[in-house]
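Chain naming follows the written order as A, B and C, and within any one chain the residues start at number 1.
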Amino acid sequence: MDLDVDLDVFVGPFDLLVTLILKDEVDLWEVRVSHIIAEYVVRLAETGQFDLESTSQFVVLIAALLEMKSRLLADDETGGELEELDAAEAGEELLAGLVRYSQYKGAAGALRELWSRHANRLYRQVGLPARFLHAGDMNTRLAPELLARGLAPLLREPAVPDVSHIADLAVTLVRELRRLRALLAESGPLTFASVAPRDRLEKAITFFALLELHSRGEVTLDQRHAFGEIKITPLGSRPALADAAG
Amino acid sequence: MTTAAVLRYDAVSDAYVQMEDLARHLEALLFLAPRPLPADELAAACAAEASAVRQSLVELQSEYGPGRHGMALAEVGGGFTFRVESDCEAVVRRLTGGRPEEELSPALLETLSVAAYLQPTTRAEVAQVRGVSSEWALAALVERGLIEESGRADTPGAPILYRTTPRFLKLFGLRALTDLPPMAEFALSAGDVEEIRTRLVANAARRSP
Amino acid sequence: MTTAAVLRYDAVSDAYVQMEDLARHLEALLFLAPRPLPADELAAACAAEASAVRQSLVELQSEYGPGRHGMALAEVGGGFTFRVESDCEAVVRRLTGGRPEEELSPALLETLSVAAYLQPTTRAEVAQVRGVSSEWALAALVERGLIEESGRADTPGAPILYRTTPRFLKLFGLRALTDLPPMAEFALSAGDVEEIRTRLVANAARRSP
């Protein structure tokens, strides 16, 4: 997939971004997944070509990223506590956060201004001549092994990132589509709980497959309340081109 | 052919005088030292009274004032140092090929401003203000010598504390941290805050059933 | 209290005059350069006639004559350079010390290791094997007197070469560079410079696809 993304922390091909995330060289925290999706949608609209194979691969990669990110979020390091707040309290807290943030953003602007005026001034960068560096002031002595240890990480061959599970997942989405279609053809309306696997990641795949069926007009989805059971109803023969919104 | 003489005009005695030894010593120190030197360090090296050093520095500063020499005496980064006069920079760059400092991205500047004003601060605190994890940005700022670790906080988990470096002051042309523009300058007006509140309320109303 | 004015006495016009731009440019170049600069290099940098440069140098040399300033302009080894006046050296000796070596951050130690094992090495090479721009780290090591410039490489752009200093050896208690500890894990000794270089470059390439 040759999608180029342009993010705060990364500019370049999406595939490379995923590789770097898996290698821990780009922090997933700082990747706005919504931006990537937006760029993908824009590109789809521009090219006008829809390829199920590559799109499902994209969706799976995005799902994997979201899953990894949601794990990080659950392990929140920004100190946000998952307390029950009423809407008014939450609003006030959000407001205070925004006001605080905008102040630092203003300060960053002032720093940029100072930087542009001062960063490239020329200072003399020459160490003191050797004759002034007498042994007397060197009362510390460092172990030479520190130098070997400093170089060792750079000499070690970096591990090849394990991307095998991504390839597996790509196959899984196609397989999951087939499985759901078969089940629906066989037994009619189903609930999500009855078809979803137990594993969280696989559950996500099933969900994406469902969304895919829905967007192709093959099923209607019905959920009465948040986090409630999702009812899946097949819409006759496929591919149905009728508007499947609902 | 000309003969040159370096003289200071002394207004009190109304005469041109040679530079005094203390000023010459300070000049030598400032020329050789690879970093800005605080007045007290200068005084200790010269074995001179702080007040005498202060006075000689003032003299040096006007002798090496704007447009006088190829370098000027500046107070920056917590001390005194010579730097090339801005109108001579082009000539120097032609010889040294010195590469300009790499630009700081908006994300780095934002992280740096949080670290500068809140210092010493932790990764979590920076993340909380910015609303995104800032691990990468903090690491990049450490790598560029703009912030450094300064021990650990006395809170659960003993997180690493960060503070700005003398190099930070130098690159931003600040004498000391107290020279940072006051935070109050960037406070939102009451009207702006109200506007954000209104927008938040409108959004919340749209979302709730 | 005195007011200071830097003036040159011009014998022809019998008047005190401000320093000319060419002299100020030369002053800036000589102030910043870590090595003596030959007259023709100075002329090229200033885009000035050799004869004009010669004349300005003579003026500078008498301005920065013995006993005038903290530093004097000297002609050594075919080039011009500022050097500290001998009667100011005692003061400079009293200055050293300020910076404890324990302040070698991980980034500085890594850069120092690369420079130590690969020396002589260039800024570009250090950046390549570390995967990050190492400009500041190299400058900080120069400032601490642990590495120094040692001429220029015989490659396009003639980049500056860096090598470790005698102070570096002293700090790590080494008699000579051949005493650098071997990379136990990789069966490499300090003598296997080419082997180390090849491995570092290959790994760097693998890390950034």
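As a convention for this text, contacts are C-beta pairs under 8 Å (C-beta built on N, C-alpha and C of every residue); 3 or more make two chains touch, one makes a residue touch a chain.
Here the structure is a predicted model, which means the values were calculated and not measured.
Trainee: Counting contact pairs per chain pair, which pair wins?
Mentor: B-C
Trainee: Give the label of the chain whose average Cα location is farthest from that of chain A.
Mentor: The most remote chain is C.
Trainee: I'd like the most central chain, judged by C-alpha centroids against the all-protein C-alpha centroid.
Mentor: Taking the mean of C-alpha atoms per chain, the most central one is B.
Trainee: Can you work out the whole-Å distance between the CA centroids of chain B and chain C?
Mentor: Chain centres of chain B and chain C, defined by C-alpha means, are spaced 23 Å apart.
Trainee: Measure off the straight-line distance from the CA centroid of chain A to the CA centroid of chain C, and report it in whole Å.
Mentor: 45
Trainee: How big is the gap, in whole Å, between where the Cα atoms of chain A centre and where those of chain B centre?
Mentor: A distance of 37 Å separates the two centres.
Trainee: Can you list every residue of chain B that touches 2 or more other chains, as numbers and ranges?
Mentor: 31-34, 82, 84, 89, 92
Trainee: What parts of chain A, by residue number, touch at least two of the other chains?
Mentor: Answer for chain A, listing residues that touch two or more other chains: 122, 124-128, 132.
Trainee: Considering only the defined contacts, which chain A positions touch chain B in the complex?
Mentor: Touching chain B from chain A are residues 8-9, 26-27, 29-30, 77-80, 87, 91, 94-95, 97-112, 114-115, 117-129, 132.
Trainee: Contact residues on chain C for chain A in the complex?
Mentor: The contact residues of chain C facing chain A are 28, 31-32, 34, 89, 92-93, 95-97, 100-102, 104, 106, 109-110, 112-114, 116-117, 129-130, 139, 142-145, 148, 165-167, 170-174, 179-186, 188, 196, 199-200, 203-204, 206-207, 209.
Trainee: Show which residues of chain B lie in contact with chain A when the two form their complex.
Mentor: The touching residues are 31-34, 74, 76, 81-84, 86, 89, 92-93, 98, 100-101, 104-107, 109-110, 112-114, 116-117, 123-125, 127-137, 170-174, 180-181, 183, 185-188, 192-193, 196-197, 200-201, 204, 208.
Trainee: List the residues on chain B that touch chain C in their complex, please.
Mentor: Contacts found on chain B: 1-12, 16, 18-19, 21, 23-35, 37, 41, 44-47, 55, 59-60, 62-64, 67-71, 82, 84-85, 87-89, 91-92, 94-96, 99, 102, 142-145, 148-149, 167.
Trainee: If we count contacts the way the header does, which residues on chain A are in touch with chain C in the complex?
Mentor: Those residues of chain A that touch chain C are 16, 19, 25, 122, 124-128, 130, 132-135, 137-138, 140-148, 150-158.
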